[in-house]
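After this come two complexes, each holding chain A, first together with chain B and then together with chain C.
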Partner chain A sequence: MTRRLSGIPASLQRGFTRGFHRAAAAGLLAAALAIPGTAALVAAPAMAQETPVRGGVLNSIVQPEPPTLMLGLNQQGPTQTVAGKIYQGLLTYDRKLTPMPSLAESWTVSPDGLTYTFKLYQNVKWHDGKPFSAADVVFSTSKFLMEVHPRARAVFSRCESIKALDDHTVEFKLKEPFPAFIQAFEVSSAPIVPAHIYEGSDYRANPANTTPIGTGPFKLKEWVKGSHIQLVRNEDYYKKDLPYLDGITFRVIPDAASRSLALESGQVQQTQYSDLEPFEVPRMKTLPNVTLTTEGYEFVAPMAWLEINHRVKPLDDKRFRKAIAYAIDRKFIRDKIWFGLGRVPTGPVNSVVKFYDPKVTTYEPSPDKAKALLDEMGLKPDAKGVRATVKLMPMPYGETWTRLGEYLKQALGKVGVAVVLESTDAAGWAQRVANWDYEITTNFLYQYGDPALGVARTYISSNIRKGVLFTNTMGYSNPKVDELFDQASRENDPAKRQEQYSEVQRILSDDLPVVWLLEMEFPTFLDKRVKNANTTAIGVNDTYESVWLAK
Partner chain B sequence: MLGFAQLFASRLVKAAAILIAIVVMNFFLVHAAPGDPAMVMAGEAGAADEKFVAQLREQFGLDRPLYEQLGTYVGKIVQGDLGFSYRQQRPVWDILAERLPATLVLTLTAFLLALAAGVALGTLAAVAVGTWADSAITVLALLAYATPIYWIGLMLSLLFSIQLGWLPAFGYETIGAGYTGLAHVADVAVHLILPVITLALFYMASYARLTRASMLEVRGLDFVKTAKAKGLTQSRIVTRHVLRNAILPVITVAGIQAGQLVGGSILIETVFAWPGIGRLAFEAVLQRDYQVLLGIFLVTSIMVILFNILTDILYGLVDPRIQVSQ
Partner chain C sequence: MIKSDFWRAFVRNKGAVLGLVILVAIVVLAVFASVFFPGDPWEMATAPFQPPLSEDALLGSDMLGRDIASGIAHGARVSLLIGLTSTAAALAIGVTLGALAGFHGGKVDDAIMRFTELFQTIPNFVLAVVLVAIFTPSLTTIVAAIAIVSWPPLARLARAEFLSLRTREFVQAAITTGQSNSTIILRQILPNSLSPIIVSASLMVATAILLESSLSFLGLGDPNAMSWGYMIGAARTVIRQAWWMSVFPGLAIVLTVLALNLVGEGLNDALNPKLARSRG
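So, the complex of A and B:
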């Protein structure tokens, strides 16, 4: 859930790009594209007919500037976008979250769901010239990430053993089935780091952290703090003739208006996540030199909600939370505050995530129903029409969240719930939410493709942990929900898993532990000369090995 | 002259005492803000557990009692060590040294330009008081002073970068161009134009207004009449008699502002993506990067104290009647 904050349907090209990726992986790309028939078959116009050309530098934005590019130690959004070109995971994922090769060429899962075996690419080298092998994967997943990476720790602690069967084969044996395991190998979830540099060292203090050594198609050339990060082609990349680009330069541009100007003037050819404020998007969309897409965020699949502290009365009463849900118009929020970016959610699971079920209790805007629920609770309006007063602390992540806070104050005020807005900065917000010192706040979390990885953590009672962010900070507890999430995480049969997740979604949508506001989408703007960028579910964070610039 | 040296020495001793007080106060001030760097980093990562935050706190030394942290910090400062930024994994001094040149080239250029243009315009307005030139300068100064600095920056950038395409919109140099020597200087100079003008306009306005007001006051004094009666030329009266006496308040204000040059200008550096200290300070606040923030505070405090001493010396030079009090 990196805090950065992005859409063109690529459905037209999806079939093509997927095929393209495999062809590229096999090194057959040029051959495939050279066949005139191929181009003729593809409906998408000009782009498909062009042959990739080598050379050129892609300019993009990195904002905010990351503290380090050592992806294993820091998974902040901007770190991922830049370091995703330097480091690699075993897998990447297509738009439907189906695993695709990255460092692993192929993989098998045993029928009992307990053994995952990955075959690695041959001839892969670290940027310092040392060979990459299965030992690096074993070190990264069993030692390095277990020590420093909270998300990976939660996943790899489920392993009974992690072994190198030979130099290019790694076997993960699980203690019990965990079908979401295959979704956990993308570059930010499990970046593979060099054992020869980190083994036996103090990972966080290793001097090599300032000069990241990965296996990816690009290497770090220069990082001028406060100004730019320059990546250059890895000439020894294991896929022949890739990457196409000479390099990628990420510029640090702290002011949102200046970032828009940079795209407008063509000084950068790509913006992502929250580089541009949503209110700039309608204007930028009309620029002749760029295209807008909201795809490429399927893996993170952010969900925004009103986080409600159940320890505070009357917020502990689900009728009150339902009244809040009825009082607000989420279509208005999507259209007027996020300027059309995103989807109105139905329940706890983002609709692009696996096992999403739309058949749940939904809350259409209805101030009357809200008032009826408040009446039922005995919360009658006083002389000023106020039934209850709540404190709302909007997330301090930019103008849009502040506007959302103002809208919520208006909307809740109309049904007699007075809202006191509290302001804070990022550090203060984190401190207060983690320590349950809030009444209502806005928040958004990434769902990482599978409910077991990114949804359950918010609602299960075993994850009520004071002082830790992104846990069940509401204090919500329902034994049935705990049981269903637990069963589903261990269920090998996809049909049964779906039933369990469907049931938990129905329960949650009725208990309403939080009020879901928006399935967020981020805008990615790409200059029309940039080809093949943003083709997978991790979008701009992928390697960009086959991205090229038209002359 | 001996008296002067004595004074200078006593000022330095006082300054050192003030500095220590500043360091201790700053230390408690930054730690009073809610949240800590470990929490910020957990927030940015989007995932956290107890171990993650505990590891960071231990590494940053935040698990120690506050007085112990203060002791460690002051101990290091006395030895000239500004500490270590755990967030950036680098010594604070390295981080500051990297950002300082960019800030100084921006603020010093803007400061000198503003001072020269401001005093010149203010003098012109005072000499031509009541005429259209005076009105034009007064209005310009008022506008430059009252308009938000980031707005002027964005508008200049829109006009000269986007519309006309003459100047780069942001940045310190052309990335990847690999210029050296004179070509590099020219490249930085081109990037410098917009931010310097934006920043200078604001300062210039205050100098122009101050110079004009001060000159009008001095102009009416008896010794100016005497000078006129002696038959001195207008230009000699303005420069030698009026301006020299009117410049003192300008020096006072300039002295105060010069002390802040090292602090940079957060707004200008943000709008023009200038890799300076001002932005570093702002980010350090948000990230609770205590050591970096304290380092910037310290360097800025030292500069303010030094410039105050310098201003006092300058008074004596401009106006020999001002005697250094014993």
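So, the complex of A and C:
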């Protein structure tokens, strides 16, 4: 159907569509655009027919309500989705994580991989009317983010100098090559903040934090705590005629059932991340007015795993960890607990992240292999069939994670590993994991597009830091792994980098420092009238400058 | 003689008999849970989301394929266990404090009653939630939390009984004959004040079961013990797709609590015959 449509001349199609039910036509087109192979073919006629129109307000959900919208100070998920419309980074990324312009119009990387030069857009203004210039970028990356943004600090501390060559050119000089650098300019990784407001002030206490001033296509108009955040069109946006929307309103809806209802009733036209629980997805998918996509999370690329404390016996033995891996049916987890959302992982790197290599040791469910490994370790079943007892503290992030904990208890029980479940609240969980006070827990981390940015931190021994969450909390240490991650992060030749990352993936999947459970996918539901939304690897966190609403 | 009087009064209340029958059935279910449903109630025995009357799941299965019927049988154990032990603990605290306050009067009474009021002014459920959250959920902490929030009414009841009985001749006589305080409390007054305490204790078992269910519903149950409240709490999110996952454990709670209340009322009739007769 879509292919036939793509062959019809644009003028004919327009006539055809007019006599057609509007929603059906929109659906067909959305389908046509979604098929990668035909997308290019269809693009021209589709654009001709689907001319973006100005106006309209997009309603979405923000959940939980963010503590602040100052993206430089807070990068929690909900903050990113809202503030990603207000602030901008230098770059954004397409679905394959290729850099695309955002505040930077173009950029060059020197052959030695040490100098990155960004040309910025002209005529960019801050929301308070002051002009934006290269000085803002230098201030943000060399001062502001260095102080308040740990992830950005790790990246920009690799710079020898950050200079404004002129008002619209910024040059980053690195101390040594770091090819992942180009992946680090996404809006939440390096939001550009106004120097004229923050320079010389106490960043965290600046009164302007409550009225964020960015360069993005939308400005904050009103934030009624507990009710909604209203963004309105930035009339001075530097790209002509953009944005199309008059505004975006994010509604605060704490109750999960009410969130599904809001989408069902059309009160909101978009939901993202964990707004809807996985168990709601099969039902919502059948609604006639919305489409479901799991794309747009390639940049965050979350990976869920069973985090194992190597300081506790017998968890320090890799045969025991392998036995755990064999005891678990990850397809069951994906299909029954996450209701089909996500992919079964092969190794430490999410398959949408760069340098992913599937040629690693994998663990198909096999209770017999698990038992054999435990036998080999000398862990024989006692009278009750118990070989070892471990404590599992499931991540307290809602229903789904609780179900996962219950499943793991049963699955491990079957091979003789008795599991005692411990329950905690979110704060207690974070504190205990950060301070290594756990045996096994479930966890998930974002991988940020490049192993150097989001994967290495979990496994390198220099990141064993007590008290800090999302570090190498397992206490895993392998000098070879440290060396490979270090070399690969500095390697300019992509082929060599791939070799190094492939090798480290092979070692890790054999050492099994954690047991990878799921490459998570989040569901994004969009009303069929919403066009052009969610087109990049940043997905719903992108600026939405070219999103428009069909009448 | 007394025994047959008691039974006659008890069976006169048809509701009480019905309650007793239900209660006995639930106790049998709890005691023989492992016989009726061998194996672990957490075991994913069948396919998830099986509706009731499926081949291997009479009352259906839950989202991980666990048998609802097995969960209800094993949950009965947990509910009754928690109901009984926490009531016993509440009785121990409440009656002891109430007896001391009522018997000694004066400053002791004042001190104990102010202490009791302190607990009475804090909303029961909120306090229970806080206690369980602080001490991490397990069967022991749940029993302790329920006991701690449930004893004040028992203390007041015991105190009232002791206050009135203390002035009776037989107690005065016991004092004159030089019996020790503990003997008087345990041997003379306590047996005579038991009937209202038994009645409220039977109702308290019902309250304790409800409290435990509410805690589990909120995810503050013992994560290793199957309980009715947990089953409902876990299933509420899929109630639109799978009603049976929450309805059957819900019915189990309703029936148990109802049965306990009916029995409690029957006990009241039987133990306070004057009241029962005047009510006709």
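Please note the rule applied: the second predicted complex is superposed on the first by the 504 of 551 C-alpha atoms of A that agree within 3 Å, B and C clash if a C-alpha of one lies under 4 Å from a C-alpha of the other, contacts with A are read in each partner's own complex, and residues count from 1 in each chain.
Heads up, the rule we're going with is that contacts are C-beta pairs under 8 Å (C-beta built on N, C-alpha and C of every residue); 3 or more make two chains touch, one makes a residue touch a chain.
Everything numeric here is computed off the predicted structure, so don't read it as measured data.
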Contacts of A:267 with chain B and chain C, given as first, second, both or neither = first
Inquiry  = Quick check on the superposed pair: does A:337 touch chain B, chain C, both, or neither? Answer first, second, both or neither.
reply    = second
Message = If we overlay the two complexes on their shared chain A, which of chain B and chain C does A:402 touch? Say first, second, both or neither.
response = second
Query = A:425 contacts which: chain B (first), chain C (second), both, neither?
reply = both
Inquiry  = Is A:277 touching anything from chain B or chain C once the two structures are fitted on A? First, second, both or neither.
reply    = second
Inquiry  = Once the two complexes are aligned on chain A, which partner has more residues of chain A within touching range, chain B or chain C?
reply    = B
Inquiry  = Let me test your reading of the model: by the given contact rule, A:292 touches which partner, first (chain B), second (chain C), both or neither?
reply    = neither
Message = Between chain B and chain C, whom does A:410 touch in the aligned arrangement: first, second, both, or neither?
response = second
Message = Counting contacts the way the document defines them, which residues of chain A are shared by the two interfaces, the one with chain B and the one with chain C?
response = 257, 424-425
Query = What residues of chain C sit close enough to touch chain A in their complex?
reply = 40, 42-44, 48, 63-65, 133, 136-137, 219-220, 223-224, 234, 237-238, 240-241
Ask   = Inside the complex, what are the residues of chain A that reach chain B?
value = 1-3, 57, 64-65, 67-68, 74-77, 148, 150-151, 153-154, 204-205, 209-210, 224-228, 230, 247, 249, 251-255, 257-258, 261-262, 264-265, 267, 424-432, 434, 445-446, 465, 467-471
Message = Help me check something: in the complex, which residues belonging to chain A touch chain C?
response = 256-257, 277, 279-280, 283, 336-337, 399, 402-403, 405-407, 409-410, 413, 420-425
Ask   = Inside the complex, what are the residues of chain B that reach chain A?
value = 33-37, 39-53, 55, 59, 87-90, 95, 98-99, 102, 150, 154, 157-158, 161-162, 165, 168-173, 175-176, 269-276, 279-280, 283, 285-288
